[in-house]
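Can you read through this structure? Questions will come right after.
Order as written gives the chain letters A, B, C and D; numbering starts at 1 within each chain.
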Amino acid sequence: MSITPSAIASVVERLHMAMDGIEQRLNEADAKLGDGDTGGMLARVLAKMAETDLSGAVDPGTALTALAKAATIATGSSLGTLLATGLMAAGRTIKGRESVRVGELSEMVAVARDAMIARGGASLGDKTVLDSLDAVADALKGATTSAQAAHAVAQGAATALEAFRSRPNRIGRARMFGDGTVGLDDPGMLAVKELAAKLAG
Amino acid sequence: MSITPSAIASVVERLHMAMDGIEQRLNEADAKLGDGDTGGMLARVLAKMAETDLSGAVDPGTALTALAKAATIATGSSLGTLLATGLMAAGRTIKGRESVRVGELSEMVAVARDAMIARGGASLGDKTVLDSLDAVADALKGATTSAQAAHAVAQGAATALEAFRSRPNRIGRARMFGDGTVGLDDPGMLAVKELAAKLAG
Amino acid sequence: MKKLLNDPRDFVDEMLDGLVSAHSTLKLGGESARVVHRASGTWQGKVGVVSGGGSGHLPLFTGYVGEGLLDACSIGNVFEGPTVGSCVEAIQIANGGRGVLRLYGNYGGDRMNFDMAGEMLEDDGIRTTTVLGTDDVASAGPAERTKRRGVAGIIYAYKTAGALAETGADLDAVTAIAQRTVDRTRTIGVALAPCQVPGSNKPSFTLGADEIEMGMGIHGEPGIWRDKLKPADAVADEMIERLLAEKPNNASTRVSILVNSLGATPLEELFILFRQARKQLEAQGLAIVQPLVGHYATSMEMAGASFSLCFLDEEIEKLLAAPAHCPFWKVSA
Amino acid sequence: MKKLLNDPRDFVDEMLDGLVSAHSTLKLGGESARVVHRASGTWQGKVGVVSGGGSGHLPLFTGYVGEGLLDACSIGNVFEGPTVGSCVEAIQIANGGRGVLRLYGNYGGDRMNFDMAGEMLEDDGIRTTTVLGTDDVASAGPAERTKRRGVAGIIYAYKTAGALAETGADLDAVTAIAQRTVDRTRTIGVALAPCQVPGSNKPSFTLGADEIEMGMGIHGEPGIWRDKLKPADAVADEMIERLLAEKPNNASTRVSILVNSLGATPLEELFILFRQARKQLEAQGLAIVQPLVGHYATSMEMAGASFSLCFLDEEIEKLLAAPAHCPFWKVSA
């Protein structure tokens, strides 16, 4: 199966719709560890991405770059900028190629993850969205249909969230709370899990 | 009976002691119509007056002037400045006289009242301390002993307070509340009544 | 209400100590130690411009002492008039031999004290005049305009009187420009949350969690109406409308506006208000000159804002633009 | 928390509109319409000094655009970093052909955005350098000093870098003085009551009615301790002690102090704090130079205050005294 700009557009649209139900929960998770804006910010970013007309995008790489650009216009928050960074890096790896296989998704997520590590200065294990992407990249290995991929993403994101709940946050605003963060969900990780669940469900 | 500087000093001392029990009530009355500081201000003024050494005052007029000065140092509030104005005016009428009879008190209060009208621009009937003084001056007519005088002052002040409660305030901060002041005691009038009651009782 | 203070009885004295030690152009003087004056003094031959009032309104009143503004200022306890003694001393300190203008807000206590001070100084041969700030349109109707309270708009009169005095003008001229500036200045305020006098156990007024009061005075004096909070633009529109309804007869098309925080209201909100005020004024064909947006006359931590409009004439506009220098308002040549 | 605003989504844009329409020396630019820059532009041959950050901290960051200070400033939503696009535009606007210093507070989002912007501009041939404000001593121990958040103290670096850039100095020199100023500046804050982000239904943190928190960050980041409110002098003493404990090795005996309101705390309280801070500094043999007391870096209506100490050297002191002119900080020659 191959990934086209229009398939990307439809995923973005579904993610955008999904925010309605989870925006407040993400804000609440962020309020405990940060400044309470993760949900509002993601809603804004996804709205801007959904608004982006991808019908003119000649290939999936161009589509991802356009989405990255939309994200950087909508927000200057850490997670938003990291998201843009990841999309841009993934887009670059497939630049110019007319079609991309679902089987390549794992590698694309890994590339995004690494670009985000480089940009944000955090490490795997710090309990951030990076750890979710790491688990997702892993889970995506071997997925070749979009159904398999959606399932793998949801499962990887859920596993990561569970695994990291009992660990402390080590970066960003949440770092200051130290061991107070043990037992709490990182809002970025929670966002990936919730959005992935909606896509798969 | 005659009024001496030391008799004046002892009245001041008693008034000062009396504030303990009524300061809060005066503040509360003022909070309803003004800025809630009548009690605190009077306590400060009477403390400063009580501190004033009148032992060197050659005559009662000098004593009153010294007390007026103490009041102007302790406060810049309307009531404080009016009190100083009244004391100064009364003091001036007996300037240089070694002794003053209780029988002259009525006239002295009337002089103080008129000076305060001139200074503050309010009229009799505006429901202020002026109306209390007016009633007190009236009640003092014919009093010749200090016991009679104390009784007359208490009675005049109480009568005025009762008579004006159902009328509206027409001056100062309280004016703004208009008919909302009907049924409430004017803090300045209440102060005269409470202090006079303590002196008589 | 939480405050960073020590003994509430020392609030004013410690505040003044801090004020003059942070600003070397200011000095604390008088036996009362309740007069702030220029460190450089009033030069001989200059008409003195003096103000005074209660504490709790910084930068008012003491903060406006400086070149091209006030010479001296007497200051009372929080929300209480300055004592007669401090008024006498402020006038004496500001005396450069050509008379002193007493320019302060129209409050009973303040008036009595400045009047008494003036009378006491007649024997010393210091000529004094009085101009009262009466800019608060919410405090009395147009027919009783001279009974109105003085609020933030008085700083326009500080500026024009101060600038003219600096040119060596005589007492009558300085008094006349102050009076004309007051006559052409209108203010209205809106309150969202109260302040509390240090040492008091109650806020200065109460207001529901979703309420706003139009026209409230700077000590919590009652306003015109109290209602549910409205959008900033609606609030700004009403305030501008109320001010323009009282435009002086001889008004030109040029105005200065002061958008002032009563304390806790942040600059962000002031600029949102200013934006709409400007729109409305321009829609009425008025041009805005030298706008001021910030904390110019507060009530400690009270939340809310006021608008003051000064309807300019040529001389007022020129004097507003003249150089001035105090800790909280600087105008460069 | 009550606010004078319209649609919370328009809060920042309306605020910026008001800001630049009240101050003719400022202009709003860029496609993003989220860059405030000098109306007069950056002169050719001048090193640009750019800052940026989230909204809700006026006068930070945009208010410091002006002669002898910043050339341009990108500004994000409330408590959110500026977008990459606005950072790119701020740098482009501030480019006078000799490179641009990016001088902003050490927050993850801001750093990512300015870094990305810098990379994007490499192709355009604009050389950029970075200095991060890291003055908040409460946000990490001395060993992790470079991880600290940037708060009010950054304005000292604005001033020195801005003044040096105005002399025509090159990018390396401007960068070096900014870095040295940051290295010699320490801040600590104390919070009494929270603010609320427009559109949010909760305050940024909660604090008991009689509580105070030492070391809290300007977005409500947790501090060092939380306890019953203490007298102002005790609070000032502890703040000064914590700052002096981190005196740089090469510190002289001259310091500048900034006593800053986080928003709702009034000037009166700031001066009471300043008074005690001065006492303590002088007791340690330190001389105070150019003290600043007022609203310099706020968190909207948050109640509390911060102290910043800039440990001077000869060059920093000279640059602090150089003329500068922005809406909220004026230094005359």
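Here, a residue touches a chain if its C-beta (ideal position, glycine included) is under 8 Å from a C-beta of that chain, and two chains touch if they have at least 3 such contacts.
Quick caveat: nothing in here was measured; it's all calculated off a predicted structure.
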Margin query: Please report the minimal path length, in steps, between chain A and chain C on the chain touch graph.
Written below: 2
Checklist line | Most distant chain from chain D, judged by the mean position of its C-alpha atoms | finding: B
Next item on the list: Find the geometric centre of each of chain B and chain D from their Cα atoms only, then give the gap between the two centres in Å, rounded to an integer.
Entry: 55
Checklist line | Whole-Å gap between the CA centroids of chain C and chain D | finding: 30
Item checked: chain B-chain C separation of Cα centroids, rounded to whole Å -> 32
Check: In chain B, which residues are in touch with two or more of the other chains?
Finding: none
Check: So which bits of chain D are touching at least two other chains?
Finding: none
Next item on the list: State which pairs of chains touch, listing all of them.
Entry: A-D, B-C, C-D
Margin query: Could you list, by residue number, the parts of chain B that touch chain C in their complex?
Written below: 27, 31, 35-37, 40-41, 72-78, 80-82, 84-85, 119-121, 171-173, 176-177
Notebook entry, point to check: Which residues of chain C touch chain D in the complex?
Noted result: 2-6, 11, 14-19, 21-22, 55-56, 58-59, 63, 190, 192-193, 209-210, 212, 229, 231-233, 235, 259, 263-275, 278, 291, 293-295, 298, 300-301, 303, 305, 325, 328, 330, 332
Next item on the list: Name, in rising order, each residue of chain D that touches chain A in their complex.
Entry: 32, 54, 76-77, 79-86, 108-113, 115-116, 139, 197, 199-200, 202, 204, 217, 219-222
